[in-house]
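First chain A sits with chain B, and in the next complex the same chain sits with chain C.
And now, the complex of A and B:
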């Protein structure tokens, strides 16, 4: 137990089992997945009906894509921590695993959830909104991937804060928006570059920014999570 | 004593900042030079820049006492943090309002999402979210912990705006103190009044902050 190698292994195992636990309980109820999917479908169809026979320019549509992604994340990602508080299982979890293992397990779960939902959003978006044409796929795929990681990183720590506050749902977008705004602006910019057919090298600045954002947010969250988690 | 000195100091600054004449070629010590493209409107900087400076200073103070709270778990630190944030919100609002009024006369519109306006808008949003979070938590220790964590998370993401804002839009905001060429467009009198105003406002902030902290401590103790 005392050897550091053993501890790292144990940490990884408990983080993965937190992820597996969340995955199984999600598969049983399918609460978050169905909420997220229905949200995406609803929002995109409202956009399609609102546009009617008009076609919006590509840069407007690349901004709207991130509006859909942001609010979809806001409607489903708080679930991981709120469910622990509602079921009253957070105390048990505190006894079973270290805070950092719990944080990374939950982060991994949110990451999988948000990546899946974003992939579907992008698919539906390109099918139903004809004006949205991606010309440089490499930029677009990197932007969606890095944007999803950043979104999962910030919304996980905010979800942990929200779960401990009294109002569960309404505050979530309010608290997340100022934190996520730099990420969203950069992702919108990079998506616009992808629709304009820019070269991959032109968007390196955006990617550097996204990577450093992810690193900073995850590091700060890993340090601070312990304070939120322990009552 | 401090109050009296502060009162005299601020009164003098207001009189000097609004009263001293502005001429094209300053001859006497009491004349301000006209800054190109700003003219008489430049006088707002004696009040606008200090409020903007205080809104970011208060944010940093609030974060520092938030960290202190997380380390030592003393309610005193949370009081200081929350009081600094409250005053920061007030000064942030003042900076936004004075900036918008100035923009109406210089740019022709109250709000045009200039990078500076966008970043102060985000700062306002962060302050708003901070107080929304505080009002949502009943238990004092929990409220202190959660708001401290939130202010730290907000503080680490805030610097990213400095990198992305210039990539999106060029700013029209004047920088008369130290512009790109490193040239100071103010003469000595103007600089002295400006720096005294900055010092005076910081003193005012300090006094208001101490008052807030004392009031909050009394309110907290009365409950038990």
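And now, the complex of A and C:
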């Protein structure tokens, strides 16, 4: 009994150290955070100037919110694996940690990054786009939380795949779009329900789908990651 | 720890090019393997396969302790020094070694880390980012990286590249200490890097032109 417990502890410590290393590295280089923040601020500014005094319908603004979130994620989340390949440290990481610890450490890093960026995006969006009014906060908060987890889960495994390719920049959104489309459509629908003042129970279908999506993507990624990571 | 390290029928193909095939050897604790071969013969590729960071196209590598086959990743038993191994440039030498131990799921001990840095003559530069190091200093840091978890198997690819006289002497000392207690695998074309060896794999024989 003691050996599996010891191994589980070691695995957890390893995964958390990968998160800590990536966070430490990010705080020093600020590559992903800068890219994400610049994208969010620029996109929302352009939307504000484009709309001017006009007010877009709430369902259009719900869709636009997730367009901003999707492209912001595409501009920064790949960095976690691409940086390892570009610096030539992938092999170092292979020698130090198990593939599953690497995957979950990187997933945690992307999750923290995407949650922070999404919180800022929502804040700026509600301040500067007057037509976007959330009426049911419980639906909205659950949608942002589950959407962020789904986005981080998919982005992490796709980042691991494209890190090995030559055309990383263009391949990332192209590969991500079909995988993220069901997640984005469900999030847009749930956000629309939140702006229309629907009851929480009316969005259970969306939440069921989002939870299933997250479970399926994380399970499949955990199984497949070793084959993507090695060689 | 008495280990038996065995490689059987290793073949590696990149795209359609066979780099080498039918490479087999076996080693016990206290023995030294020398891998030689001309440029492009696949020395580094074989080192990567031995270190479990690259899969062979055919064949397998097995590590046994007594009768028991060790099924865990070889990387927990193995320390690697090689020119293509990179450390994190934005971190200092001390931070790199801290993460080297933490990423293995162990609790880093700062006294141990500093003793490793002292051993590779980098203690006075422990807080400087690795990007400010010369190539020789980076090579020394790789030795601290490889020895951080006291590995039983030490794999050295071009062990003295970029090193000055002091660094070369340090490598010789590490190799001498390690060959008494563990398994040493050295890939080089400079035979002055090794004082003696027990088994030689000449990839000029196994390589495909």
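Just a few scattered comments:
Everything below uses one rule, namely that the second predicted complex is superposed on the first by the 229 of 231 C-alpha atoms of A that agree within 3 Å, B and C clash if a C-alpha of one lies under 4 Å from a C-alpha of the other, contacts with A are read in each partner's own complex, and residues count from 1 in each chain.
Assume a contact is a pair of C-beta atoms (placed from the backbone, for glycine too) under 8 Å apart; a residue touches a chain by one contact, two chains touch by 3 or more.
Computed from a predicted model, the values in this text were never measured in an experiment.
Of the two partner chains, chain B is the only one that A:217 touches; chain C does not reach it. Once the two complexes are overlaid on the shared chain, A:92 sits against chain C while remaining clear of chain B. Judged by the touch definition given at the top, the superposed model places A:25 against chain C, while chain B stays out of reach. When both complexes are aligned on chain A by C-alpha atoms, chain A residues 231 touch chain B in the first and chain C in the second.
Listed in rising order, the residues of chain B touching chain A in the complex are 70, 122, 125-126, 128-129, 132-133, 136-138, 142, 145-146, 148-150, 152-154, 156-157, 160-161, 163-164, 167-168. Taken together, the chain A residues at the contact with chain B in this complex read 154, 157-158, 161, 164-167, 171, 174-175, 177-179, 181-182, 185-186, 189, 205, 209, 212-213, 216-217, 220-221, 224, 227-228, 231. Taken in their complex, chain C has these residues touching chain A: 48, 51-55, 73, 75, 78, 80, 84-91, 95, 99-100, 102-107, 145.
If you check the complex, the residues on chain A that touch chain C are 9-14, 17-18, 20-21, 24-25, 28-29, 87-89, 91-98, 101, 230-231.
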